[in-house]
Each structure stands twice: as structure tokens, then as C-alpha cells.
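What follows is subunit A paired twice: with subunit B in the first complex and subunit C in the second.
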Partner chain A sequence: MLLSNEHTLLAIPLLPLIGFALSFIIGQKSGKQLSGIIATSCVLLSFLLSCSLFAALLTENSKLQNRLAEIPEFTNKLNLAFSVLLGDWFVVGAVRTSFELLFDNLSAVMTLVITGVGCLIHVYSIGYMKADAGRPRFFAYLNLFVFFMLLLVLSNNLLLLFVGWEGVGLCSYLLIGFWFKDPNNAKAGQKAFIVNRIGDAAFLLGIFLIVTQVGVLDFASIAESVQVINPRLIEIIALFLLIGAIGKSAQMPLHIWLPDAMAGPTPVSALIHAATMVTAGVYLIARMSFLYVLAPQVELLIAVLGTLTALFAATIALTQNDIKKVLAYSTISQLGFMFMALGVGAFSVAIYHVVTHAFGKACLFLSAGSVICACRHEQDMRKLDCGLWKKMPETFVAYLMAALAIAGFPLTAGFFSKDAILWSVFSSKTLVSEFLIFDVLLTKILFGVALFTAFLTAVYLLRSVVLIFGKPDAGAKVQLATISPATDSSEFSVVRWSRTANLTMLVPILVLGFLSLGFGLVAGSWLMEFLQAENLAIEKSFEILSSTVAVVGIALTAVVYFYYRSWVEQLLNIKLFSRAHKILLNKWYVDELYDLVIVRPLSLLSNICKFIDKFVIDGLIQLGAALVNLAGETLRELQTGKISFYLVSLFVANLTLLVLIFILKLP
Partner chain B sequence: MNYGLNILSIIIWTPLVGAGLLFFVPPVKVRLAKLVALLITLATFISSVNLLSFFNAREAKLQFVEEISWLAQFDINYVIGVDGISLLLVLLTTLLTFLLVLSVKIDTSNIRAYLGSILLLETSILGAFLALDAIIFYMFWELMLIPVYFMIGIWGTENQGKSAFKFVIYTAVGSLLMLVAIIYLGYQFQQQFGTYSFLFADWMKLQLSFQQEVMLFLAFALAFAIKIPIFPFHTWLPNAYTSAPTAGTIILAGVMSKLGLYGLIRFCLPIFPQATIYFASLFMLLGLVSIIYGALMAWVQTDLKRLIAYSSISHLGFCVLGYAALNLEGMKGCILQMVNHGLIIAGLFLLVEILAAQTKSRLILDSAGLAVKLPVFATVLFIFVLGAIGFPLTNGFVGEFLVMFGTFKRNYLFGGLAVLGVILGALYMLSWYRRVMFGKFSTANNSELADLNANELLVLLPLLMLILIIGIHPQPLFNLSEATVRMYVESFIKK
Partner chain C sequence: MITFYLIIAALLFGIGVLGILVRRNVLVMLMCLELMLNAVNLTLVAFSRLHANLEGQIFVLFVMCVAAAEVVVGLAIIVNLFRNFYTVDVDIANGLKN
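What follows is the complex of A and B.
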């Protein structure tokens, strides 16, 4: 051991921060290629340190378990965690905050995913951004993101977590708008930031409530004193934090920023908007699970919201034609599954799904990125080149593996985690307990919807596989020639890309593909144990049911899209279906609704304010000034300069006074 | 407690001496004039920093007190002193003035008079922050208007005459009632204790009926509310800020607005505690309205300077909110936010002015896509924007967090509404940043753009560093004012 555990823990987030500074400074001056290598090595180093710290945690833990086993009366499971205190941030009155990091089982898993997947995506980006002049900036932002994300999962108190929370939001903003010459990209970044800020504002209120109630912000202390909080307030705190989580994890109704966020470079979509940042909300709730088990009504809300979001996003994903949009809605849908698990109290299962989804979705995005590059930045699946499965076989295999995994094909990683979620929902007993029948009914409805969504997942993912890769080679050549080279992409990143995918891009895709295929079999049950999962005994018959759903969905879609494509078109000719299709294609008109209900009224209000400011508030001031002016103008008329007028005035005034005093007898 | 030197008097009067020196500089030697002003403001800044080494942060009382008898028959004396609150504001003032002088372009017309105005303004502001006698305070308070009037009127743009006139009349009229209240308080002191006194410290001993307190509080508060300004007394601000030359705008926004808040804390709170508590909810409401109203107004502005002016109203609303929360967290947040706002708004106005000078226009839509041409400018501006929207690890976050927490602790509803400011702040700030910086760059009318030069960076970097340093390690600033604020909050609020 060269470094003590504390130093290692400190170095894990600091390395990407150093990488951020270095790629910015060095990258600008000399050799733009260098920035990618610096950034990647920092994250790689951080990953290696995470692994070593993880190993240390395991050994220390097993030592502890052995020692505890010697004490027969001690049956509770205890777990070690490393922590390091850097110092106070600020201490004012009731607010005490410190820079303290914590490495326990939950943050260990998240750290490994972030640095591991992050490192692979960095490697991919070296190839992907090869020809972009803004590389130093890109890698600097990417490293900064990894820093903030690590800060988020490693922080030992809620406020430091919030720093990471806002930080990843900032990096997301910067990276979505990375190609800012297109105003739409910049707008998408801004939309993401502001929608997230709505969640953040609620998050802040949750923090305020915790401070006023408990007076501390570190997780262990909150957990200890959570019992003393009024149950009603616990529900409210849980609700506020949930709103924050909804914003970050793109759940209804704050999901609207994520599809737009696809404007960013594809590695960004893979890292930030699929694998890591969007799961921060799931992490937050899992981290605060001690609070949520005491808030059954909020738990119910999470379960319902998650299920609805999963279904809602899956229906949209069915109809989208832009590859990245399909994947974006798929991400929202999968996050919905994670929220479902959180809602029924299966926090570790949710984290399990975070891990498998990170592998799968990152792989899908990166493969999609390769495809998009290969087809001159075309993102519309209908306009892609023909026979891609033959032209980019490795990418095709990786995409297929990941798609099968997320679709829940038996024995893939996604299958295990999704199965665990479905089982948790099915066997849930933690929902509201007042009316048993209602409870059972609701659980079954949620389960039914979840199962149906799992079916839809298989359908839309396989549809994307067939549409992207399955276009037959012959016959379509003529059609291809008419396609203009994508939305003038040469404007932004000129990635002159050959069909033979270069190695830096291919290796990460394949690694992620195999992980999403095999991770569940190899390490799934171990991970669940490491996270102390709540219930593991999934009935065999249940597994058969859920795998049947997935396989049927996969097979059906594959067959229909390969051989009977005309059926789909005929289906859409039916009025009912064409109407539904239009609604889904337009994403249920949620953006339009927001525009109508929030954006326009706010704009109107601002303009009303502008009017009031000028004519009412300042108008009154001007009126006062005008009155003074008027008085002056009027009184000036009396200054005639004629002695006779003054004498007459004097006489009249005196006379009036005499009358007032002597005749009316005024005092 | 005098350390052999009248250090506070030196700090107050050095700029005035410098203004006098400028008379002896030949009009053509513009560089020499700037150098003189620069050295003077630097000396003032260094002496105020030097205060730190002698200042005892554990002591809540006023320190370095100087007393010179003046109008003895009315007991009006030149008494000055500093405590944890005014110290921070004095430091802010001397730092900002130094940086401002550094930023003054030497081709400014009649530069000696311009620099002289800045120096005179510095003297009057420092005097107002350090005065402990109400009459002295009032004199410095009104003295400020003279240089500002000339700065807006002579070096300003766009209806400068009208703006200068409106500003001076508005604030002077608002202050008249304060003068009446000051005289009344001195008279009351004579009635109760036999001798006149205009010392704030003495006035705390006064026995005032609730009705008296309310009337006097309102007289003071009106003057302060206009100076800050709080909604609805803000309408002089957009005109004055927009018309004034950069230096004037920055002193107005960065420093003079703090005088209003400082007055609320220094006078209203300890002398009229009952009335302060009575009006706390009203002030909270007005602070809240200022935050939201300022943000919405900023959102729909098309002139960059005017936009920043309204954002200033929004940010100062946070300060008012923290003050009105009347608890330790709110008050400390308020004081920190005063410093933060000074640093951030100075940077924003400087940057907007640099941009306007380059593109010959302050209209937002005129300058899209500039980040391509001005990468350094865009980066620096972005950090100031982050500070302004209260992004964590910038100073704005710590201040806003404490203000909102203090408000929340006092009143859940107001606290809950205050976080709307966080959303709206991001909305208008990022909107204008996007419109100016991002998008497709058109060379048509912006062919000769130059990024920040060394001199501009020299002015901006200290501000930028402070934004980050305070954001990461704010505790030293809290420690400086800890004892004073604690005394104020504990002894007066619980009365």
C-alpha cells in the first residue's frame, strides 16, 4: 500500500479535477491530442484507485465479520466504511457543513460504475472527438463532470452532495451545449439546467427542513435522529427530496429536458444522460432510504410515478425515429423502473438496475454514436445506410447484446435486475397499509403495468436494432443517394470517419456490450449481497413469466420488422392507431403543455411587470414630481411685479383675517 | 485602542487628499493623473487591509474609535469607529474603488475631474460606513450625491441629465425625513438625559414609546429603502445605472446600495428594535417581491446594462430578506451577500461595458455567438454568472443559502417562496448569456473584436478569485463579523 485509505479516497475525486485543469491549460497550448490522453489517464487512475480502495473495504469488512462471528450474541450485520474529513466548509448558527467523504458499500458501487464506465467513455471520446477543434474544452468538461459526480456519491453530508448535484448539472449544461454555434444546442442545455433547478429548489427546501428539525446534515447523524422528527414532516422532507430526484432523474413531470439533452455529443449522452448523472436521483433516494421507509405515502407516490413514467416513456420510444431520441426515452423508462423499485422499498435492487443499465445504455449510445458518425451524422433511423450489420459487424454485435440485455432477454444482466424489480413490485408489502384490498389491488396493477412496459421495452429496442442495422443491402442504393449529408454537421464537429471503426471507439463498445451481457450471471448475486438486498428469493415460475414476456416481445418485433413491415403501416392506416401514433410521435404534447401553462404566462407576467414598472410605480413618482412642478408654475403667476396687485392682495388678506378673528370668533 | 495612529481617519480622508492632489497635475498629463489616483486608492486599500491585523474579531464592540469635539453646544462630534460589519464593507469599498480606478480608460474626457469625483465619492462612502455620530453620518450620506450627480451628468450617456436629476432628487427627498428623525432623536436624548447627543450608541439607551419607534423607524427606513433600493422605491435605479459611466454604476450598485442595508442593520435594528420586529414581515415581503420582480424584469430587458441593473434589485432583495429574518443565519447571509453582490455586480458591469465598447451596442440581440471570438471573455463572464445564480462553490451560493435558510427558519412560507429566486435567477442569467455568447457568429458588424486585454484581466481576476475563494472557504469572513452580528442579533432581537 503506497497510499493510506484516506489518501486514496481523497485522490479518487481529485484526480479528475486535476485532469480538468490540466486538459484546459495544457490542451490549449500544446497538442490537442494530449488533452484526451491526460483526461483519460486521470479517470483511469481514479478507477484503479477505486478498485484498490474497494478491495481494501472488502478485506476490512471480512476481517470485521470474522471478529464479529466470534461474539455469539452479536447477530446484527455491521459494515465498515472509510471516511476522510478535509475540514469545515462553513459553520453559521444552526448550519454546519464540512468537506467530508465517505466510502461505504453504496458509494463504492457507484464510484466503480462512474470511474469504470467513465473511463471507457473517455477512451471512446478520444476517437469520437478526433477531428474536433474544441477537444481540450470537451475533455476538461468531461473530467469536471466526473469530479462532481464522484463528489456527489462520495460526500458524507447532504449539502456537499448538493454541491456535486449542482455541479453535474452545470457540466451537463456545458456539454449539451458543447456545439454552441447551433443556438438550439445551447437552448437545450439551458432547458436542462433550468428544469433541474426546479428540482434543486425543492431539494434545498428539504435540506432546510432537515437542518431545522435535526440540526445536522451528515447521513449517519440524520439517520440516528430521524426518529425524533414529526412523521408528517418526514413525509414532507421525503417529498421535497423526491422532487429534486425527479428533476435529476428525468421522471414525470420534469422529464422534458432529457430528450432535448441529446443535442450534446454522443459520448456525453452515454456518460451523463444514461449511465451516471441521471441515476443521481435514484442514488439520493437510496442514500436516504432510512427516511423513505418512514414515509410510506411518498413511497407509494414514487412507485406510481415510476411506473407511469416507465410506461409513458416506453410508448413514446415506440414511435421515435431519431436513434438518440429512442434511447433517451428508453433511459427515462428504465429510470422509471428504478423508481418503481425505490417505491416498493427495494433500494438495493434499484441500484442493481442502475449498474446493469449503465453498462447496457452506455453501450447502446456509444454504438449509436459510431453508427451516426459512419452515416455522416444522420440520426434518423429511416435514413441510415443499408446493411450496416455487415459493414460494422462488431458494433452491431455490441448493440444487439446491450439491446437484448435491456430488453430483459433471459440470463443477460438487464434480465436479472429487471426481474428483481418486477418481483419486488409483485411481492411488495410495504405500500400503504390502511386498506388491505386497495393495497393488494394497487400492487397488482403496478405489476401489470410494469410487465407490459417490459414487453414494450423489448419491442422498441428490437425495432431500433432492426431499423438501424437490418436494412437489406440491395435495392435501397438508389434511395441512399438522395440523402443529403445530414443536417449540415460539418458545421460543428467534422468527424471524418471511416467505416472501419477505429480501435479506441470499438474496444469500449465491446467491453460494455459483454458487461451488459454477462455481468448478471457472473457478479449479480454477489452484488446484491454486497448491497444487502432486501429479498432475493425470486420464484422460478415468476422468472419464467418475465422471461417469456421479454422473449415474446423480442421475437415478435424481430419477425414483424424483418418480414412483415407492411403490417405496421397497415396498422397505422387505422384511424385509431394513426391518431395514437401522432400523439406518441409528439411525445404526448408535454412540451407544448409546459409552454402554454408555464412559459407563456411567465413571459406575460414579466411584460405586465414591465408595464407596471414604467406607468404605475414610476408613474406615481413622476406624478409627484409633476404636482410639485404644477404648484410652482401656478404660484409663479402671483409674482406679477405690480405694486398695486400686491397692495390689493395685502388688503384682502388683512380683511379676511379680521373677519375670521373678530366676527367668526376663531381662536 | 488607538495604536498611536488615527488609522480610520487616514482611511477616510486619504482619497480626498488625493482628489486635492489631482488639481496640481497638469491637465495634459493624463497618465500621471491616473497614476496618482491609483496610488491613492491603493494606499487606502492597503490601510484598510492593515486594519485586519489589528482588528480583534472576538470583540463585538466598536474598535479604533476616534473622537474629536466639533459643535460642542449641541454635542455634535466627529466620532468614528469600526466593527465586524462595517469592516467588511470598508474593505469592499476600498478594493472596488482601487479596481475601478485601474479600469478607468485614460482617454476619458477631463480625466482629472472624473478621478477626483471617484475619490471624493470614496471618502464620503467610507465616512458614512465609519461614522458613529448621526450628524456626521448624515453629512457623509448626502455628500455622496454630489460626485454621483456630476459623474452621471458629465460622463454619462442616454438622458444623463435627467437621470442624474432624478437620482439626486429622489434620494435627497427620501433622506429628508431621516434628517428630521435624527434631530428629533437628539432632542429626545436632551429631554431624557439632560444633554444633547447624536451618538448611535447613546440613542440605544433612549426610552421610546412604540408609536415613536414606528414613526422614527419609518423615517429612517424610507431613506435606506430608497438607497438599496427595495421595491417599490427602485425606479430611479435603472435610469441611473444605465446612464452612469461604468465607474459610477459600479460604485452605485456595488457599494452605495450596501449603505442602505448597512443603515438598516446599524440604526434601525438596535435603536428601534420593537419597530424592526413589527415591520419584519413587511420587509420580508418587500424583499421577496424585489427578488421575483427584479428577476422577471431582468428577463424581459433588451439592454444589457439595464438587465444587470434589474438583476441587482433581485440580488439585493436576498439581502433584505436575510436582514428581515432577524436571526443569526439570515443576518450573516445578508452581510456576506452584501460583499458577494458587490464583487459580482462590479464584474458583470465591467464585462458588459467592455462588450458594449467592442460591439458599439448594449442590446442583447446585437451580439450573438461571441464565445467563438472571445473565449477568455466568455469564460470569465461565465464564472461571474455562476456567482450571480448562486452556484455552489461560488460565493453566491453560501450567501443565498444562509439567507434562504434564515428566512425559512423564520417563516416557512417566505422561505419556500424565496427559493423561486434560485430558479428565476438561473432563467434570466443563462438566457442572456446564451443569447449573447452562443449561437452562430456573424462577422457582419463585429469584425474587430478583441478578447480581454491584460489590463482588463488585472481588474477582473481579483474579483474572480474572490468569488471562488469565498465560495470554497467563507469561514474567515464569517469569523470577522461573528462577534458583532451575534451581539446584534442576541441582544436586540430578544429585547
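What follows is the complex of A and C.
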């Protein structure tokens, strides 16, 4: 715990915040190109500092391990963590909340991913947003997002984490609606924000419960005193935090915002809605793992939910035609895999998958962004059939690498992490410890679904590869009916695009592509050890099984889509398949269901309220006003303004009073 | 004896009231007002004498003071009225009506 390390730790989140302010102020005033450079260099600097801090953590840790090794009776593994206390935020009674940052193994990995991938995406954005007038705003929001995300993973207590949590939600909203002139984009942003609110409310309730139970909010103290909480309450707290995580990580009931969030610029989709923000839920549960270990029922729920989401999103991804929609559903599906791992208690495996998925999915999104840019913002994969792989070979290679990685092609990064997840599901024994048979059966079912989903992953990713980059050559029996009529002009723009040789766009894609390909082989096992993974001895036969599934999926799809695309068409002619296809194309009608069950009744209710407000409540008030008005209108006739009239009335009134009092003897 | 005073006072008061109700000239109306006040003064003095009680006469002195002050203010208003409207007809000054 060196002093300089503390300053470094402080600087990591602060740099993007400074970048946010600078790119706003300077970007608006002078050259707009400058804002991108400022923002990128801030994140780059932050990344370098994270690396140095990470190295410091490693050396300190190994020193500690050496010292501990000299004490024979001490067998526990201890890990250092850097922390920096900025002071108290507020102290209410016994509850003390402080601004304190924590840099331990978990947050170190997350920080490296956020700043590393974030930096690459910033570089990419310089090229991608080159022609956009709103660049300073864009880069400012991106930097603000990185700041909040770093705050989220670096905070040492739940409340500060919540600040980051809400902050990234805000940035997500701002960036989804970045092109707010199209009302659809603005609506997508609102949808994301509102759906996230549901999860956030539950998260907040969870925090409140923790405060009432243990009175502290920093992770270490909660972990210490978690034993004293009533087990029933632990489950409720875990459930609340889970709902928050579901909202942020787009799991099953609350997943609807993520596909719509693709309305934002593609780098945003890559950074926020694939690589970092959506994994905040996974991070939260991994961070609170000590709580979830004590709540096996909730763990089971997480596993089931994750598996269902993975399958559900994968099936939708099979049929979507919009590039970004496919990738969005793929993200949901992969997040489902992470939740699966969390559910069976393999928290570090989930984080491992977060890392590999961040590389792969960011690469996929960025490549898709290049393709979209090159083809005049055409996102429909069916219309891209012009042999893009020849025109954008580097992008194609990167996309292919990342797709293979996420599809789980053997020895790619995604293969290792997904294999670890599948193995943890397969080998997990005690989900709920009451009925052994039930447990084993459930685990096996989950595993089967997960394996099938892994197969689907390979299929839909390869489908996207072939549809985007493949050329319908002579081998293709049938050309799809909806081939773009403007193929020539799009070819022209593709050529022009690649001539402009956007290095800033190409380099990040390739770096991410190679990372997603080679990361698992180079650093995978080391990362697992660093995260103190439960000892995963994956059997060789198991690896063969899962890689076979992936390879078969990849090969099958590639062959079918390259040479026998007519089969797909014919398959859709069968009634059963066409009906299933229609359901999947419409995303299982979940949006429509929500519309029917929640939106319509709510709007009906609000209409009734509006009616009552307008006619009953307002009516009463208006009636009172009308009566007063009427009285005034009548009485104003008496106000003639003539003194003589007033005097006469005064005289008459006095006379009347006199008569009443003295003659009629009134009291 | 007292009846005589009271009749005079009643007559004066009646002339004052009638003048105020009938006339439009604000100067005359002010004079009628003074007439009514003095009618009341007369009754007060009369009763004071009847009951051999000086309080009534003292009260009359106060009324006279107030009447003098009232005339000062009233005349000032009338002068202003005339300056603004070039008339002393009260019914012209009905600006508050609307």
C-alpha cells in the first residue's frame, strides 16, 4: 500500500471525468477533432495507470505470498488490495458511508477491461464519428460513461457503486438517444432508462435492507457480518440485488431494452451495450458472492434464469436480419451464460466470460459498425450480399475471429470461458440441497439447454458472418428476394471507404479480434488463477464434447449458408417452421405482451385518471369559480361610481336601521 | 325650552341631508355636511344645558375641531377635483366605476 499507488488509483477514474469536462468545453469552442483526441488520451492514460497499478498489485501480492509461505501453519490464501479513502460521504447514526476506492483482484480485472476496451473503442470512434457534428458531445458522454463505470467497479461500498450504476444508466440513455432528432432513437433511450429503473428500484431496496440489517455498506464489513443476518432476509436481499442485476444485464423479464438500445451509434453499442455496462449486473453478483453463497434458492433462480435467457435470446438471434439486432440478442444470450455461471457458484468463471465476451463482442460490433458505415448505413444483412469480404478483408478477418471466439471454436478465448461455464454447470452438485435427484436432474437439464444454446450461438454467429461478408456465387442455388437494388452504388461506397483507409477504425478492430482469438490460450488459465477460481479440472472428454458441438454448429451453418441456402428457404415453406420463424422474428412477442399487460392497462388507467381530473376535480373548482363570477356580475351593477347614488343608499340604509331599531324594536 | 332648540336642530339637519342628497355641487354638499354637524352640535349643547353637564359642550369643541380638519381636507380635494375636471360636479368624478 504505497502512497503513489493511492494516487494512481485515484487518477484512474478521475482522468475520464476530466476528459469529459475538457472535451465538452474545448470541443465546443475550437476544433471538433480535438475533443476525440482529448477523450481518447484520457482513457488511454487511465488504461496505462491501471496497468501500472495492476503490476504493482501483482508484485505486492507475490511478495506477500512469499512471506506467507515461510509460515507453515498458514495455508489460507491472502490477497492484497489497494484502497484510497477520500473522506466521509455522510454519516447518519451508525451508518457511515465513505468515498473509498478499492482495487482488488476482481476490480483490477474489470478496470483493465473497461479502460482497455474503452480506449480501443474511443480510438475507433474518432474514425467512426468523423463526419458527425455532435462529436464533442459524443466523446464527452463516452468519457463520462467510462468514469461512472470505473466508479462502479472501483467503489468499495454499495452506495458508491450505486452512484456509478445510475451514472452508467444515464450515459446509456444519453448515448442511445445520441441522434435524438429521430424520435425512435429518443424513445429507445427512454425505454432503456425506464426498464432499468425497475431493476434499480429493487437494487435500492436491497441496499436499504442491508443497511437495516448490518448498518454498514462496504463490502468487507458486509461480508464479515453477513452471518448474523436472518437467512430468510439474506435470500430477500439477494433477490432484490438480483433484480437490479437483471435490469442492468438485460436478463429475461427485463431484457427488452437492450435490442432497442442499438439505436445509438455503433461504438456505443460496442462499449456500453456489449462490453462493459451490461456486465455490471454480473460484476455486482460476483462482488456480492459471499451473500449468494448463503442463498442457494436464489442461486438456483439465477442459474435457471440465465439458462432460459441464453436459449431464448439465441433462438431470436437465429432469425433476425438486422446486424446489430443479431449482435444484441447474442449479447443477451452470452450474458445468460454468465448468469448461468453465477448461478452455479462459479463467480470467477463468469468474470472470465465477461472478459472474453468483452473482447469478442466489442470486435463484432465495431466490425459491424465499419460495415454499416461502408454500406451507407444499411443494417439489413440480406442486402449486404455483395462479397464484402473481398472489399473489406481486414474487417472480415476480425469479424470472423471474434465470431469464432464467441461461437466457441476450439482454443479461442470464448471457447475456454464457455467451456468453463458449461463444465461448472455440468459438475455443480448442490444447488438446493433437499432433493438430490431433483438437483442432479435439474443440473443436467440446465447443462443440456446450455449445450444446445452453445450450438445455436455457433449457428447464428456464422449465419451473420456468411450473410454479411459472403458472396452469393454460383454455388448459391437461390438468391434472396430482397437483394438491394442499389448494389452498384454501395459497391462504389465500399471502395471509397476502404481507400480512406481508416486506420483508427481498423486497428482497434484487429486488436480486439486477435485478443478474442488468443487471449484464452495466452492468459486464460493465469486469469482464472488470479481470480482465485474454484479449481476447475475440466475433463478432456468434456472439452472434446463442447468443441465438437461448436465446430459442428459452425461447419453446418457455413456449409448450408454458403452452398445450400435454398434449403433454408424450403425449410421455411414447411408450415411448422414458418410459424416458428415468424414467432422468433417477432422476438417471441415479448414486447407485444408487455404492451398488452403493462402499457395498455397503465395508459387506460391514466386516461381514466385524466378524465376524472379534468371533469370531476377540475369541474368542482370551475363550478365554484363560476358561482363567484355570477355573483360578481350581478353585484357590480350596484357600483355605479356616482357619489350621489352612494349617499342616497347610505341615507336609506341608515333610515332603515333606525326604523328597525327604534320603531320595530329589533334587538 | 329644549323643544325649540331641538326643532331648530332637526330643521338644520334635515336641510343638510336634503342638500347632500339633492345637490351635485360638491362645494354645496360640503357646506351641507357642515350644517348637519352643527345641527348635532346644537342638540349636544342644548342637552348639556338641560342636564347641567359640561361634557356635552366639551364634546362639541371636539366636533368643531374635527369639522375644521375635515373642511381643510375636503377643500383640498375639491380644489384638486376642479383642477382635474374643470367642474365641481360630483357625478363627473366616477373614474372608479370600471
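Quick notes on this structure:
We adopt the following convention: the second predicted complex is superposed on the first by the 576 of 667 C-alpha atoms of A that agree within 3 Å, B and C clash if a C-alpha of one lies under 4 Å from a C-alpha of the other, contacts with A are read in each partner's own complex, and residues count from 1 in each chain.
Convention: a contact is a pair of C-beta atoms (placed from the backbone, for glycine too) under 8 Å apart; a residue touches a chain by one contact, two chains touch by 3 or more.
Here the structure is a predicted model, which is why all the values come from computation and not from measurement.
Contacts of A:T640 after superposition: subunit C is touched, whereas subunit B is not reached. Between subunit B and subunit C, more residues of subunit A are touched by B. Once chain A of one complex is fitted onto chain A of the other, the partner contacts of A:V211 are limited to subunit B, with no touch recorded for subunit C. In the superposition on chain A, contact of A:E529 is made with neither subunit B nor subunit C.
With both structures placed on the common chain, the touch criterion links A:V648 to subunit C but leaves subunit B unconnected.
In the superposed model, A:G167 makes contact with subunit B only, not with subunit C. Across the two superposed structures, the residue set of subunit A contacted by subunit B and also by subunit C is empty.
The residues of subunit C lying in touch with subunit A in their complex are 17, 20-21, 24, 90-91, 93-98. Across the interface of their complex, subunit C is touched by residues 639-644, 647-648, 651 of subunit A. Taken together, the subunit B residues at the contact with subunit A in this complex read 169-170, 232, 234-236, 293, 296-297, 299-300, 327-329, 332-333, 368-369, 371-372, 386, 391-393, 398, 401-402, 404-406, 408-409, 415-416, 419-420, 422-423, 426-427, 430-431, 434, 437-441, 472-475, 478. The part of subunit A that touches subunit B in the complex is made up of residues 88-95, 162-163, 166-167, 170, 173, 177, 180-183, 185-187, 190, 193-194, 197-198, 200-202, 204-205, 208-209, 211-212, 602-603, 605-607, 609-610, 613, 617-618, 621, 625.
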